[in-house]
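In the two complexes that follow, chain A is the common piece, with chain B as its partner first and chain C second.
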Partner chain A sequence: MPKTTALSFTLIITGAPYVSQAPQTALEFARAVIAAGHRIDRVFLYGDAVHLASTLACAPSDEPQWTQIWSEFLETHRVPAIVCIASALRRGVLDEKEQKRYQRPAHNLEPPFEIAGLGEWVEGTVSSDRTLYFHPTD
Partner chain B sequence: MPSLHIVNKAPDHARFQTCLAAVADEDTLLLTENAVLAAVMAQGLPGTVFALSADLEARGLAPADIMANIGRIDFAGFVSLTEATSRIISW
Partner chain C sequence: MTALVVIDRAPYGDWRGREAVDMGFSLAAFDQPVSFLFTGPGVNWLRMGQDATELSQKNLARQLGAAAIFGVEALLVDHKALAAYQLSVDTLSSPAQPVTVSPGLYGQYDHILCL
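What follows is the complex of A and B.
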């Protein structure tokens, strides 16, 4: 049921899938935000969390495929998702543009994730009503 | 303005104690992920304290094991806590 005062959220994930619970906790929180009638302005992946945007990750079939699950959520609710370019390039997460720029043999960015700079993060923290971080536990 | 402190570190993690030291009486403390282990410990926790039920269940902590002054909340309750204040700190 929509709230009378809907809020906007920016979610920043810094923990990697499979080695931290951060992408899972962030997704359950994001689903509850939508269910409560609020809006998610954007999701931002920083540090090791950029692995969440790799379309080449293959978890065993009896484990959650976090990249695909997140991708479906973002598509369904039309939530923009930004991958920090400085974090992504170091960890081998590239879109087609960066593949060409660095002359690498492949690109692996799962849509609808986009690679962008820290300006997007600043924009999010300035314009959203709430900003939440999802960190690793170590 | 009261703050919402969200901690996901285990009680023996240095950041967990740093978090506790920063929680004022009027603040709310939310235990998530490994931090829910603190919900069954004798150590007193500051502020108004909640623990995420999914993380309690994932770690085999039954409602009867949890200290009486700690509220169990689901993700909808988590969202409600973030509605109440714009000062949110993730430790």
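What follows is the complex of A and C.
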């Protein structure tokens, strides 16, 4: 079997968990990327997908806990995961720094997700070999 | 890398268009060549005389007016969609270039973004 060249990927998710299939589809794709010997440069959550990074999401016990499942995948494979700051603040997903800045009573960003700007997305689209979007369907 | 941001949804009904514009402006701010294409109901982003006051939203035509400041290369508008919404290229809120939407048009860009 011919050896394939390893590629780097940036994945952008725009659909929220429990509303769209986007986070699950992206996770299965990410697992396939790693299994095939390629690399994921970063995952970027935009729009409603920022809810994937909320540590407060509580799905019923017989449903997948997508935030924890994604978090474990990211930590296992050391994939940086960025949450768009503008999308996150509007939707109430805050890290400790933003909690203090906006004087809110709590923060809820699940590690290893980090909050940053769209510059991270631009960097990904420029530097990765492939950029893929996972949108909600409607 | 050349990028095309496609706006194919009407303004004010949801936030996808606004968030797509933010992405396009970010590309331009980081010196990446980017153009916008308005097609389908998205051509209404360019409608003159928008007043979103009663919707408690920002005027999106005004937001789009900042495209040149950010360095967006071109605003393209689907001429068929313009006709369908009884708009004329001469009466748009921002100068836009009428185009025929085709695979050839999309093929001119490395990166296509449509939220």
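Please note the rule applied: the second predicted complex is superposed on the first by the 134 of 138 C-alpha atoms of A that agree within 3 Å, B and C clash if a C-alpha of one lies under 4 Å from a C-alpha of the other, contacts with A are read in each partner's own complex, and residues count from 1 in each chain.
The rule we apply is simple: contacts are C-beta pairs under 8 Å (C-beta built on N, C-alpha and C of every residue); 3 or more make two chains touch, one makes a residue touch a chain.
Bear in mind that the values here come from a model prediction, so they are computed numbers and not experimental data.
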item: First, second, both or neither for A:Glu96, with chain B first and chain C second; value: neither
item: Chain B versus chain C as contact partner of A:Leu7, first or second or both or neither; value: first
item: Which superposed partner A:Ser87 touches (first chain B, second chain C, both, neither); value: second
item: Contacts of A:Thr125 with chain B and chain C, given as first, second, both or neither; value: second
item: Chain B versus chain C as contact partner of A:Ala32, first or second or both or neither; value: first
item: Touching partner for A:Glu72 - first (chain B), second (chain C), both, neither; value: neither
item: Which superposed partner A:Gln21 touches (first chain B, second chain C, both, neither); value: first
item: Chain B versus chain C as contact partner of A:Tyr133, first or second or both or neither; value: both
item: Dominant toucher of chain A (residue count), chain B or chain C; value: B
item: Shared chain A surface residues [contacts with chain B and with chain C]; value: 131, 133, 135
item: Contact footprint of chain B on chain A as seen in their complex; value: 3, 7, 9, 21, 25, 28-29, 31-33, 35-36, 38, 129-135, 137-138
item: Footprint of chain A on chain C - complex, ascending; value: 1, 3, 15-16, 19, 22-23, 26-27, 30, 32, 111, 113, 115
item: Chain B to chain A touching residues, read off their complex; value: 6, 8-10, 13, 32-34, 54, 74-76, 78-80, 82-83, 86, 88, 90-91
item: In the complex, chain A residues that touch chain C; value: 14, 46-47, 86-87, 117-119, 121-122, 125-126, 131, 133, 135
